[in-house]
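A, B, C, D, E, F and G label the chains in the order they appear, each numbered from 1.
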Amino acid sequence: MEKKKTYEEAYEELQEIVKEIESGNIGVDDLGVKVKRAGELIRFCKEKLFKTEQEVNEVLKNIEK
Amino acid sequence: MEKKKTYEEAYEELQEIVKEIESGNIGVDDLGVKVKRAGELIRFCKEKLFKTEQEVNEVLKNIEK
Amino acid sequence: MEKKKTYEEAYEELQEIVKEIESGNIGVDDLGVKVKRAGELIRFCKEKLFKTEQEVNEVLKNIEK
Amino acid sequence: MEKKKTYEEAYEELQEIVKEIESGNIGVDDLGVKVKRAGELIRFCKEKLFKTEQEVNEVLKNIEK
Amino acid sequence: MEKKKTYEEAYEELQEIVKEIESGNIGVDDLGVKVKRAGELIRFCKEKLFKTEQEVNEVLKNIEK
Amino acid sequence: MEKKKTYEEAYEELQEIVKEIESGNIGVDDLGVKVKRAGELIRFCKEKLFKTEQEVNEVLKNIEK
Amino acid sequence: MEHVGQAVNPKSFTLLEVMRSVQSVLQRTYANKSYWVQCELARISLHAQSGHCYLELIEKNENAILAQLKGIIWADKYDSITEKFKAVTNTPLAGGMKVLLLCAVSFHPVHGLSFNITDVEPSFTLGEMARMKNESVARLKTEGLFDKNRRMKMPLLPKRIAVISVETSRGYHDFMTTLLNHPVQYAIQCTLFEAILQGENAVPSLTRAMNNIHGEIENYDAIAIIRGGAGDAGLVCYDEYALASVIARSALPVISGIGHATNETVVEMIVHKNCITPTAAATFILDKFDVQNQSISETINLIHQSTKEFMGYQKQDLSNFSSLFCLLVQNRIERSSFNLKSIHAAMPSHVAGFLSFARQNLFPAVNIVLNVKRFAGHSVFLNELICVSATLQQVMAVRIASSVEELSDSIADLSEALRLLSDKGEQINHIEEKVKLLDPVNTLMRGYSITRMNGKAVTDADKLIIGEQIETELANGVLISTIEKKN
């Protein structure tokens, strides 16, 4: 995944892939690629969320002290 | 089979071959070649399907980790 | 028989021979040769047909596995 | 008889001989020679015909196998 | 944090961050940044409060002497 | 404290500060400053109450050095 | 009175003669008569030794004295008159008063004309005093002075007091004692300006003191007029416009502590603060300090409390804020997490849906109902392929069969060759027949023969020479002959 991708961009792309798959207007060739991409995006988003969550929790923990 | 052939292209070619054979405007010489080609295309599509399935499953499995 | 002969060519030649024979405008000398040739052509065509059928069946048989 | 003679040539010669003989303008010496020649030609043609028939039958027989 | 920031400014910025988060118009990417910033602001405000309290207490103690 | 300040002015300023603090319409940043100022004003007022003008002037003179 | 003026050695009288004459004339007219006379008491002085009281009576208008006469209250009358006067007016007879006196005219050659005063009507004086007081008030009001001092601002802390009093007086003592004995020692500084505080000389004395104070006004915050312990007498001066106007014009607020039991004087009306007694005046000043002292203490407490509250509020606010913030952020993260999980969870079904949908789109002919499981679509595609394969096989079989038939036709057509051959055979047979018919053998068989000479058939006997050998061909066999004869 490109380093500069934001969560929002990744999430949006993910939404589009889901829409595309839902619509059925996608070839079998693309499916593999798209699902792979979706996998990457989900992993990326998960990591980003996890990282953000950790950061946020760190901050929140310090705040409450 | 050419490596770069997509499932869609293969499937389309396959459909065309079936149409050609059905129309009867095909010689016996061509018939063999075409049917052989159809066989290859079918095998290719099958493999592609199988591979896509595997990939998708792999991706989905990894996502869930 | 020449190796590169196609079914179509063979069949066409066969038809011409048949036409010639049917027309009667053929010498006895030629007749023998032509009939012999027709025999060869028919055998060739038959083999070709048989081979094609076999090949196709082979190809298609593998697909269903 | 010359070996290379074809059925057609033989048959033609035969026709001419018959025409000559029938015309009556021929000496007895020639007549004898011509008749002899005609006999040879007829034999040749018959043999040729027979041979050809045999060949054709052979071919047809083989074809139907 | 910038040295010249007042408590009011910090508090206001905090409020804006909260409003932004409340409105939902904030991405996950921004969230981390904003929360970090909010953490800083809160810490700054706490310190400012603590310092102000100390100053105030010092002043009040001296008055009563 | 400015030399010419009268008790009246000091008292008035003090009351205003108190009013401001009481009302709560005061920033944290201001609070420290205001309380410090209130401290000065109170000291000044007390001196006015309990010390002769000469003494007060003496004190003010020493402060300003 | 007789005229006695002559130029030269005129007839003359001794002074006494004249005085006696005047005395007798006056006695004739005024003897044993007394009159109630309205006048102003310009001066009054008691002769200590004799106990007689000498008065200076005048009548004046704005500008000038119109009449003037001495009056005497004999010692025997003095006490009764002054007692009577004081009892009503609450003030002793004093200079400046308008009085109604019962007078008998008396003339003495030495002492001259005078009134022998035997009674007084104090109610007249009282009326006059009231009139004067009213006049003072009215004038002060007209001139805008009545409220002037009252309206002045008393400093919150009247710290430097210019005290107009008498050091030895009871009032001053009370005033200072009260200030000094206050439980809280405020920095109140008093400066004494001595002045006569009652009687005829009070007005100029007080005016002077006021002027002195105003000469160094920047050193003072307020003026206190303190009197007391001298009884209620001689306070008329405080009703006088002259004094009242000076005080009213003062540049500093004036506190009065004159200390008497009578009605409020004009001065007391117009001062900034009138206190009944010097003690009250001191207390008034102290109260100001107490109020401020109290106020400052309260202010300190208020600041304490307000600051505490404020800080408490701010802390709570920040703490609340922090909690809210934490909650919000957590919610936000949870939302994103939930969204992502939803998409993630839906992914397999999306893919399955896609494949199932794709099947319908791509190959409507193959309408196979499949379980919509994960990758059910895979078998759809596979079926699709198998279908294609089957179609191919079928089409192939048909195609090959038709080709085979075509070939069979061709084979059938080839048998035409045999017919052709038999035709040819017949042709040959026919020719053979013909040749057989024309064969010379047939002629020979009928008995004909062919004669040849040197291998050539002989058709002309002339060409033969006897003796030559000739060959004769018969149907069967050849004869060789020699020519013997020719026909």
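In the analysis below, a contact is a pair of C-beta atoms (placed from the backbone, for glycine too) under 8 Å apart; a residue touches a chain by one contact, two chains touch by 3 or more.
Fair warning: this is a prediction, and the values are worked out from it, not measured in the lab.
Student: Among the other chains, which touch subunit C and subunit G together?
Tutor: In this structure, the chains that contact subunit G and also subunit C are B, D.
Student: State the smallest step count from subunit D to subunit G, taking one step as a move to a touching chain.
Tutor: 1
Student: Any idea whether E-F or A-G has more C-beta pairs in contact?
Tutor: Looking at contacts between chains, A-G has the larger number.
Student: Average the CA atoms of each chain to get its centre, and name the chain whose centre is farthest from that of subunit D.
Tutor: Following the centroid criterion, the farthest chain would be F.
Student: To test your reading of the model: what rotation angle superimposes subunit B on subunit C by C-alpha positions, in degrees to the nearest 5?
Tutor: The superposition gives an angle of 15 degrees.
Student: Provide the C-alpha centroid distance between subunit A and subunit C, rounded to the nearest whole angstrom.
Tutor: Result: the chain centres lie 65 Å from each other.
Student: Which whole number of Å gives the spacing of the CA centres of subunit A and subunit D?
Tutor: Computed value for the inter-centroid distance: 97 Å.
Student: Measuring from the mean C-alpha position of subunit C to the mean C-alpha position of subunit F, what distance in angstrom results?
Tutor: 125
Student: From the mean C-alpha coordinate of subunit B to that of subunit G, what's the distance rounded to whole Å?
Tutor: Subunit B and subunit G have C-alpha centres separated by 77 Å.
Student: Going through subunit D residue by residue, note those that touch at least 2 other chains and give them in order.
Tutor: 7, 45, 49, 52, 56, 59-60, 63
Student: What residues in subunit G touch two or more of the other chains?
Tutor: 300, 303, 307, 311, 314, 322, 325, 329, 333, 336, 344, 347, 351, 381, 385, 389, 392, 396, 400, 403, 411, 414, 417, 421, 424, in rising order.
Student: Mind listing each pair of touching chains for me?
Tutor: Those chain pairs which touch are A-B, A-E, A-G, B-C, B-G, C-D, C-G, D-G, E-F, E-G, F-G.
Student: So in the complex, the part of subunit A that touches subunit E is made up of which residues?
Tutor: 6-8, 11, 45, 48-49, 51-52, 55-56, 59-60, 62-63
Student: Flag every residue of subunit E that touches subunit G in the complex, lowest number first.
Tutor: 14, 17-18, 21-22, 24, 26, 28, 31, 35, 38, 42, 45-46, 49, 52-53, 56, 60, 63-64
Student: Which positions of subunit C touch subunit D when the two form their complex?
Tutor: My answer: residues 27-29, 31-32, 35-36, 38-39, 42-43.
Student: Report the residues of subunit G in contact with subunit E in the complex, numbered from low to high.
Tutor: 300, 303-304, 307, 311, 314-315, 318, 321-322, 324-325, 328-329, 332-333, 335-336
Student: Under the touch definition given earlier, write down the residues of subunit G that touch subunit F in their complex.
Tutor: Listed in rising order, the residues of subunit G that touch subunit F are 155-157, 159-160, 185-187, 189, 289, 292-293, 295-296, 299-300, 302-303, 306-307, 309-311, 313-314.
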